[in-house]
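Shared between the two complexes below is subunit A, which has subunit B as its partner in the first and subunit C in the second.
Let's look at the complex of A and B:
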């Protein structure tokens, strides 16, 4: 009896230390802030999904760590009918992680589902509405036929809504089951999912790109950045994703860890309430931009982990104009402009921001400090995240300025500009400008690359000239990494490619 | 014992008094209100530069100035919210305990209902309707915390109201309000004072968590709670941002506790030997 109790105790103890033991056998543990909750690709637009989904699923094409497109489930493609039809030659011998065969029917099934009533329930469908049909030519060849030219279509086929799903498995288990037990052709397959706690992936040895070097990958969901970094220091996670700048010093001084800072897609701006209050006046907005020393903010608060921007896009974005320069920091000119606009000293303005964004909390306070120095009485107001993104911004309840960060994973300025500036868009509560609307609509049907780039640059200049926002910075994506992780290319778009990664 | 009591009083007065005096004259000491920033002097270590003797925070603001000026908000919130809750709660508890029956049922069921409501949810609703500002925060804390006082007071009054000294007072024809004020109140004040000293500390911290959730006051205006929130992720690289406001909270709360302890003994009618 006594012996049995002891045996039970020993078993319990082993169960407890098991996660540590498993690490030794080639397990990589990553931590991120958010659990995407559904792993079905049609359900989500979250970066958090992209971080995990990239290991589970493949698209017809793939974007490497260098941000260039390369073959994935399709080995080659050609543009036909004046860019209105794309013909894909598919990879032979690929299987899904449950053994189901990948072929042209799976591609057709994926896009029929994405563009049909199932897809209509999620946010991904709207990215792919340019597709009119997918035609199967033979088991290893498909045509994607477009309704209108879409210059970013190939990029969009490299992830999110366009990743290929298994028709037989999905038809059998249904959407709800697929969302928590997804199957793809990717290098890792899901073996265990605990909502809001972790998702565990095992290597898929029959992966078309070669078996992954790791045995297991575990993504843990840790909402609190301080906890995430404490776990990293304790060695219980190997990679902490999206570390706030304030914690980089803590990581850097730990000999076991290093900070990886890579240019990312996310650009942060302070958008103006252009419809009401003092910021209705263009001169006031211009004064507020010129009154804030953005270079100093990037250098000190961001510790150089970012670059200054002149428009709502970074240098990787299509539509970026290197010749476009932000308004200079000139407090004297700013004060003169405020005087010209008849703004009395001590006029209150307020910056609204997301309360759980530790880095922006500092940026907002510094910005307010600069605005106070040119004679405004600036305050800052933190909001709870859901309230801020679901009510305050879309319903136009913000104060004079509000924080907005956007990072289109397609790196195409259209994705940002249309959603931010076109009348009636969800994220555009204030601006209504028919001239700008027309520019935004017209560029969408331009197929010539250079012409379209000029059109997008013209939009960026138009927005800057009308001072619709205070451009702040393109912030780097910052990872805290344990030095035992080898062959990792920290991705600019947050989408980890883990196939070649090893751990010591 | 006597000597210890005296020491308690002196230490309490010294700690609390110094804090209150510094905070009262903070406007003269630091005319910029602790809001002046200098990004180039960001995260300066304490004791290196005489201009920033306690160092600077991530935006290059002087920690010393912010600790002293920050006391304004923290003491204001702590003292006023607790006083409000204490006054309301004590009156409610006296009435419920002394009159019993109808008043007791009404007031105590109301208290039960209020205890059953989740604090953060009510706080969010309250600030959504009235807006987040300092006085709303104080009013909200007061009306959400009176219950604790009411329960303590009611419990004591229930046992006291049938005691001989109350009955004899009643038999002499002393009016109810007089009995409440002169016979019951001094006897229930001990536990109330203990609650008060504990809650001041609690509310200073509560102000910080509400501010952190975006329901409190503007983070630019210095407050001890806000400074703790600012310094949290710098604990291992710049300890001074959060340690000094932490020490200020500690000193204030310790002083208040000592004073409260002394005051309780001083006021307790049965302990006068």
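Let's look at the complex of A and C:
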């Protein structure tokens, strides 16, 4: 008996080693679903990279938690040559975390690398191909020259491929080493990296924006949401990311924790097969939209963690029109439309979706239920995610409806609309509409902000009028947070700005 | 014995070779890694995708890719992961010891528990202890391992706070994943020990040993157990393969950064180099263990050695 007590005490003592470390003064521990494996900005488009990389690197501009652009490594900028040249005045006295000086040469090096053969091997280059050259004017001034207008360029300079890397260090250590020991100008620097386990950052006291208030930030890679939430409950991590809706109740009930649910970039819709079958008929598509109570789905299945949308974008998106309203839920009208289109009762339709998405499985089942109520024989079919996104959708092998979630970190409707609706795009297997193609192409060369916003809104209205999709919701990004974390603004885009965060 | 060994090693090598071909073929059946890598990117053109495929070596014919992988495995260069370009050799060097540790600890725990329990049940056949052990083993057999894992996390990780819910960062981190695997292994092993023991105990030499006045302990552990060893070792050796399968799920639940977690991530991101290497290494491991079991027969039973 005595022995057993001692054994328990020993177990308990060991078990407390890590929690104590995680709760040490000034250490914030976050869980992250995936290890991006390379921290080189040209290598990846993973959200995980965006989340961690934001603390390590800076761009010329920065986007705050309010999604507005503000100065970062550039203190000011002006648009020249009819928006074909952007002149940046750079911040003086900035150093990389290894002491290397930041200047115009670093900016040129970064973009030459991104747009050259190194960048061509990664997924980032394609987003910056509008840039033709970066010219150094003096050590604290650069011009970014464009070969075609790109109204989203300034936003894209705030992250991912466009963050500034140190030329001397990178040339010395090479890509493979830089990928695991990255150096930037950001507020935290990498001090320890265990592949697939964790990455530890320390405050960079000489940060140009002022020394961070935290001493250490640890990202632990935890793939399974249940495990992540268990770690949060055990007090071993402070922030759990991408918490599934089914686990929010567990967190909310815990007095030490709270749930932060903010509108995210991802909008989910059910797209139609507009080329074949019954959904080729616009009236049928309209009936199917009006037959589904989207408000009820958000309220009951998403438990309120989402907002209804009228187009394939959320309220933070550039191109969002607050005046645009979704088609109302009206089953009687829906039945009348089906009758008008000559659709017999019991006509089968199928909803294809990603099988590993537990929340959407319920949404698909509810939608099928609503469609059955207006006289269709609706079924659901889950697919393995990779097969679904790489084969079934691009090759046009879907049934009448298929799940699609999209939304880029730039929060610009072009990023969704062009890829979804322009003829021949990878994700657009069915729609071919020259009028819509032209609208999509034209807005890309409009640099006046207001004119372009109107053009994007017109596209959203056009798509809704032609019922190309059943708009569902803009789903929230849900975080589980320990109450000891202070001054945290939960970001919509997952890119935490940790400079002012403190822990008790 | 030597001829037997050579034959078995050649067979084993052939099995591993077939596995490499199967996995390299199967992993390419669906999905495009270039598309996976660019998911979330703005506008990706067909040319961008082609560039990335060339960069990853995916534009080469299957035979060239397969032979490249095979050659790499033989020379110890397992290539680089599609995700971030990490060396696959490095990933496996981190993950393999952790998986072997987990498998060995859970197997050892299970043997340590199932031998005394099984013997006890056999000796007290039909008694209360026997009934209880048999019912418990049936319960253990019916647990799905991920569910059992989650329950342990809930009880010991969260409610009691005795053990870390996940990770291999501290020594106590192994307790729950190993216990999860061990509980399920013990459930089958206990039945096996019990039934082989029942057979053995009815043999005449046990009666002789008893009539010589030997202590119960000596009869059971020195005479009976030694003669149970062959079926037990065979079964436990075979179990090792199944154990590695179970490890994938349990590693995932406990965020244990071993081969199972590596394989799981590689499947979902179509990371061919990692998946091929992980499956090959695990296949080689399982085949080696089975080979060792064959050799162990000889050591345990002189009659086989002399054949």
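As a working rule, the second predicted complex is superposed on the first by the 482 of 504 C-alpha atoms of A that agree within 3 Å, B and C clash if a C-alpha of one lies under 4 Å from a C-alpha of the other, contacts with A are read in each partner's own complex, and residues count from 1 in each chain.
Here is the rule we use: contacts are C-beta pairs under 8 Å (C-beta built on N, C-alpha and C of every residue); 3 or more make two chains touch, one makes a residue touch a chain.
Please read these numbers as outputs of a predicted model, since none were measured by experiment.
Once subunit A is used to superpose the two complexes, subunit B occupies space next to subunit C without a clash. In the superposed model, A:361 lies in contact with subunit B only, and not with subunit C.
Contacts of A:197 after superposition on the shared chain: subunit C is touched, whereas subunit B is not.
Which of subunit B and subunit C touches more residues of subunit A is settled by the count: it is C.
Of the two partner chains placed by superposition, only subunit C is touched by A:390; subunit B is not. When the two structures are aligned on the shared chain, A:226 is found in touch with subunit B and with subunit C. Using the contact criterion defined above for the overlaid structures, shared-chain residue A:415 touches subunit C, although it does not reach subunit B. Legend: residue contacts after superposition of the two complexes on their common chain; A:46 is shown touching subunit C, with no touch to subunit B. The overlay of the two complexes leaves subunit B and subunit C separated by a minimum Cα distance of 7 Å.
For the contact definition in use here, the residues of subunit A common to its subunit B contact set and its subunit C contact set are 226, 384. Within the complex formed with subunit B, the subunit A residues making contact are 225-226, 229, 244, 246-247, 249-250, 253, 293, 296-297, 299-301, 355, 358, 361-362, 364-366, 368-369, 372, 378-384.
Interface of subunit C with subunit A (complex): residues 30-32, 35-46, 48, 51-52, 55, 81, 83-86, 90-91, 94-95, 150, 153-154, 157-158, 161-172, 175, 252-255, 257, 261-262, 264-265, 268, 270.
Chain contact summary for the complex, subunit A toward subunit C: residues 8, 11-12, 14-15, 17-19, 34-38, 43-47, 120-127, 152, 156, 175-176, 179-180, 194-198, 220-224, 226-227, 230-231, 233-234, 236, 384-387, 389-391, 394, 408-410, 415, 418-419, 426. Every residue of subunit B that touches subunit A in the complex is listed here, in rising order: 35-37, 39-40, 42, 58-60, 124, 132, 211-215, 218-220, 230, 232-234, 236-238.
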